[in-house]
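In structure tokens below, several structures.
Each of the next two complexes has chain A plus one more chain, namely chain B in the first and chain C in the second.
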Partner chain A sequence: MTMVNITMNGQKISAPAGSNILQAAKQVGIDIPTLCDHPALVSIGACRICVVEVTGQRTLITACTFPITEGMEIQTESPQVVKARKLILDLLFSERNHYCPMCQMSGDCELQNLGYRYGIDHWIYPTYTKGFPVDASRKYFFMDHNRCVLCGRCERACGDLVANHTLGLRNRGASSMIHADANVPFGESTCISCGSCLQVCPTGALCDKRSAYMGRNIQTEHIKSTCNQCSIGCGMEIVTRGGNVLRIESDWDAEINAGLLCKNGRFDPLYEDRTRVTQPMIRIGGKLRPSSWDETLKTIAEKISGTNAKEIGVLTSSNSTNEALYLLGQLFCKELKATNVGLLNSAAPKLFDKPQGSLADIVKSDVILVAGTDPAKDQPVASFFVKHAVDRGAKLILVGGKDNGLAPFATMILADIGKAVEVAERAGSPVVLYGAGITEKGASALKKLQGKAAFVAIEPGVNTRAAVAFGFNNGFKASAAKVLYALLGEQGLESADVLKDVDKKAFVVVQASYVSPITEKADVVLPMAIWSERAGSLTNTEGRVQKVSKAVEPAGEAKSDWEIISLLANKLGKKLATSLDEISARATQELK
Partner chain B sequence: MKAKAGNVDIDISKEFTPEQLKKLDEIIAKNKDKAGALIPVLEQAQGVLEFLPMPILKIIASGLNLPLSRVYGVVTFYSFFTMTPRGKHTMRVCLGTACYVRGGKAINDIIKKELKVEEGETTPDRLFTLETVRCVGACGLGPVIFVGENVHGRLKPAKVKDVISQYN
Partner chain C sequence: MAKVKVATDWLAGCAGCHMSLLDIDERVVKLLELVEITSSPVTDLKHPPKEGVTVGILEGAICNTHNVEVAKQMRERCQILIAVGDCATFGGVPAMRNLCGTDAALKRAYIDAEPVVDGFIPDSPELGKPLEMVTGIGEVVKVDLFIPGCPPRADAFWYALTELLAGRTPIILPPHLFTYD
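Coming up: the complex of A and B.
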């Protein structure tokens, strides 16, 4: 890396060539204020709050856009700089409504913080009396145009990061406004509620509805974790206060998603309205009655001990940690020798023994072949990568129909996978995204691209990859089970259909977080912790093992998925690892 | 396709002739894969269609494979582009200081009421487009309004109707 030597506030520093002044300053801890700039976004130099003095330059220049050159001398807080920044702040505060005490962002607002930093304690210019609209037509967050400083971060996040291009800036000068599509209410626009704009907004213009006015950053905790809504495994931060989850925020350092999240991951988990299972229950006299953990586990252990291995059935949701799936396999398959085990969702076929690509290949590709999967619907962040690549000129070849969420972005929609493979063969660096929807014929057609293309399986479900690795895949025969252990977890199943072939007299144990038609039918129900209440790890669709963190205590007597199985193993007298660290280490070892 | 452009309902198949729409398609086709084509396309399209209502913006956005949010942003940024049809006559009411203190505001209000339009809008019969201006250098004649090239000075509120009825 070529380094460039500069002087900043008298301090000699060297920074990589190609950095701008802002980046060079950040490296040595010099804080140049910003508003329109954001580390994840392209710099546009619009707000001018980051101006600095550079010896030899006629005017002040914007640090966020100006590249450093050898010998450059920079002053970041000279009187002239401070005066200019104050002027900008005076102008910003006099535009629209910035009566901070009424604002949800007060305390965390980047504009307000700058006001404090530069001693803005009164309005120099008369403020607007004109009101601007507040648009609350989106379910999860609202836009208050009165607080908007027109920095354009939201627009760039939507266009450049999510590749959704919903947001734009209309009119000019004092009548400039942020709009969706051609100025329709946000809730009626092409917005997919990923919340990326909300995340980057420096002011209180975009605010989360659910957690509004529920606490400033210093009153909350931010716990890094991994989203467990699909197999992509996006990094995220769980924001809590007083033992409650307030909201989910971006983790900009996350390797896979670099801060992006989708609606399913960011918002939906907090709008859960099913009833929790909060205590162990045993069916006595035809009715489920509360019981203790000890009593309940003993009942299950007795039943299992008295049952022939062939008559034990195990069914699991892929929304389970590596640890739970590992223990489930160890206990039932290895120790108890059960063979009738299955997964509640299908899995993508295994095309190769070794990994042939990763999600990061998508944005670098020139042709993307998508078959047997609908990421726009089921793994949205993966679809952002695809749309991003299409924006950059990649061709999207979709095998399937117009109902696929990626259809509007497709260059070609083909019914015949063979034809799609032919197109990909002619590409420079094609990538194949395939899911559980491809047929055997389709799979062998895709294999023709081996060596040429990068392949990424987009697994349905969540931790499907680990479930399959630990032996849980389709092939489960419900009718053969006399005792059924169903690790349902948080999975929502509309009906008790999965139990329809189960013998009426079978003993059904359900480990679940929510009351459902299945728990209603069970003989024993074990209360399970949900995503925010459990620690462990998940394996994403590429095979990466990532940590999930416990952010809050489980509801009632609920326990983590793996802990329940560990306790059951204990009751059955089977010596399995008991500490989370040990179980994680073993599970990870086996997943390699 | 029906859409509202300002206060005028737009049905593009009634509003524009098939020839006009064909020309639009040609303009789009010619510029399809060119970088920076949006502004020239909008300019040529307005040349052919005279104004660019929402359905036309949608056609242009999808034709050039650009986000509608951007096309709309550009059209509203440049005052050269108009999304509403222009009236046969442009009525400009002066609200400069001199005209204002001499009753320009009242004249403007009466005109808005008479024509049933807001500033920047066109009457449904497409006769007038109403605009305001800040001082046209005829302060001595204030309050003044312009209808096309014609100046109407020292205008009394009671005379507004007469002035309007002079045009058809």
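Coming up: the complex of A and C.
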């Protein structure tokens, strides 16, 4: 790497060629303030707050857009620079009403911090009196235009990062406003509520409805984890305070999503309103009664020990950790020799033995073939990658109907997968995204592209890939089970219709986080920790094993999914690994 | 040594800043050993003496012609003028009126308000005339020190006064007294 030598505030610095002044400063810990600039976004030099003095330059210049050159001498806090920054802040504060109780509570406002940093203790320009509307038509976060500084971060996040292009600017000068589509309320626009704009907003203009007023930012803890809402496995940060989850933020350093999250991952888990199962329960005299873990596990162990392996049924949700699925496989399939095991959701067919591509291939491709999957609905972050590629000129060929969420972006929508393959064959670097919806015929048609295209299976469910690897897939016969162990976890009932066929006399054990019609009918209910309360790992649709972290304590007596199975194995006298590290290591080994 | 004379007054405010000044607690005893409060809204004498004071403290926004008179008189009669609180520095809560305009605000309060019967907008000659725009004090008179906050911390008052007594004029308060997040 070619290095360029510069002097900043008298300090000699070497930074890679092509860096701008801001990047060079960051490298050595010199803090140049920014408002419109964001590390994940393209620099536009609009707000001017990052101006610095460069010897030989006619005027002050923006650090975020100016590349460094050999021998450059830069002053980042000279009297002239400070004066200019104060002027910019005075002008910013003179536009719109910046009274914002949210930021005073959270201390998480970049504009406010700059006001403090440069001692803006009064306004030198007359107060701007025009009132702007507040748009709270979105469920999860609102926009107060009175606090907006028109930095355009939200607009760039929406267009450049998420490739959704909902946000734009309308009007001119002081009347400029961020708007959605052709100026419709956000809630009625093409906004998909992914919250990327919310996360990059430097002021209180975009504010999370749920976590506003829930404490100062410095009192919160940010725990890196992996999203468990779909099979993409985005990196995220669980923000907690005093043992409560406040909100979910994306992890800018995450390899897969690089700071993107979707509505399903960022907001939905926090708006869960189902009742939790908080203690073990056993049915006695026709009624579920609270019991101790020891007693409950003993009851299950006795029942299982006295049952023929053929009559044991195991059904699991794919929303379980690698560790839980590994132990479930070890205990029931290997030790107890049960064969009637299954998964609550279907899985994408296995086309090849070796991986033929990764999610990162999507943005690099020129033709994207999507078949048997609707990522815009089920794996939105994957759909962002697709839309991103389409923005860059890639052609999207959709096999299926117009009801697919990606249909508005498709170059062609074909019913016949064979024709789609023919088109993809003519491309330079095609990528195929396929899900559980493709038929056997479709699968064999896709195989024609082997060697030419990158293939990425978009698994339905969450940890489906690990579940399949540990032997849980189709093939479960509900009617054959006399004892059924259902690892329901957080999964809702709508996908558990399979239990309808279970023998009325069967002994049903349900390991679940939420009360549902199934837990009501069960003979034993085991309370399970949810996504924020468990540690372990998940395997994403590419086969990447990623850690999930425990951010808060489980509700009531709930335990992690894997811990419950580990305890049950112990009660059954089966010697399986007991520590999380050991189970993780073994599970990861088997997944390779 | 003669005591330093200090006068305070309030304009369109809520008295909260004066309450915050009193929140310096037992330090008020030490303060009164060094300064004489010549006049304030909470003492018998309301107007700063003609012969002048060293420090004038004003709370509240400029809302009407009366506020302008009070601010100008204080400016004439003090050497160092301190604007305290968000109303005096930025306009604060009273400045919300600017978003709808003075006429609309008066009409809403005195005529259209739900409990009002036969309402009218007070226009007695002894009342100050409402201004078109509510502003901080700095729009009307020169201010030497701004102490924002709603209200400013008692420690901010204490810091500013003790600095002045020590012969130093703070231009901007140190960050820990200035920040409110």
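Basically, the second predicted complex is superposed on the first by the 582 of 592 C-alpha atoms of A that agree within 3 Å, B and C clash if a C-alpha of one lies under 4 Å from a C-alpha of the other, contacts with A are read in each partner's own complex, and residues count from 1 in each chain.
Operating definition for what follows: a residue touches a chain if its C-beta (ideal position, glycine included) is under 8 Å from a C-beta of that chain, and two chains touch if they have at least 3 such contacts.
Values in this document were obtained by computation on a predicted structure and should not be read as measured data.
Engineer: Could you say whether A:Ala180 touches chain B, chain C, both of them, or neither, answering first, second, both or neither?
Structural biologist: first
Engineer: Among the partners chain B and chain C, which is in contact with a greater number of residues of chain A?
Structural biologist: Counting residues of chain A touched by each partner, the higher count goes to C.
Engineer: A:Asp90 contacts which: chain B (first), chain C (second), both, neither?
Structural biologist: After superposing on A, A:Asp90 lies clear of both chain B and chain C.
Engineer: Of the two partner chains, chain B (first) and chain C (second), which one does A:Glu422 touch, if any: first, second, both, or neither?
Structural biologist: neither
Engineer: State whether A:His122 touches chain B only (first), chain C only (second), both chains, or neither.
Structural biologist: Only chain C is touched by A:His122; chain B is not.
Engineer: Contact-wise, after the overlay, does A:Asp366 reach chain B, chain C, both or neither (first, second, both, neither)?
Structural biologist: neither
Engineer: Which holds for A:Leu167: it touches chain B only (first), chain C only (second), both, or neither?
Structural biologist: A:Leu167 contacts chain B only, not chain C.
Engineer: Of the partners chain B and chain C, which touch A:Gly107 in the superposed model: first, second, both, neither?
Structural biologist: second
Engineer: Check the residue A:Gly159 against both partner chains and state whether it touches chain B (first), chain C (second), both, or neither.
Structural biologist: It touches chain B, and chain C stays clear.
Engineer: Considering only touches as defined above, state whether A:Gly131 meets chain B (first), chain C (second), both or neither.
Structural biologist: So A:Gly131 only meets chain C here.
Engineer: What is the shared patch of chain A, the residues that chain B and chain C both contact?
Structural biologist: No residue of chain A touches both chain B and chain C.
Engineer: Along chain C, where are the residues that touch chain A in the complex?
Structural biologist: It comes out as residues 83, 89-91, 95-96, 98-100, 133-136, 138-139, 143, 146-148, 172-173, 175, 178-181.
Engineer: Considering the complex alone, what residue numbers of chain A touch chain C?
Structural biologist: Those residues of chain A that touch chain C are 97, 103-109, 112-113, 116, 119, 121-124, 126-127, 129-131, 216.
Engineer: Would you tell me which residues of chain A are touching chain B in their complex?
Structural biologist: Touching chain B from chain A are residues 155, 159, 165-172, 179-183, 190.
Engineer: Quick check: in the complex, which residue numbers of chain B touch chain A?
Structural biologist: 54, 57-58, 67-73, 76-77
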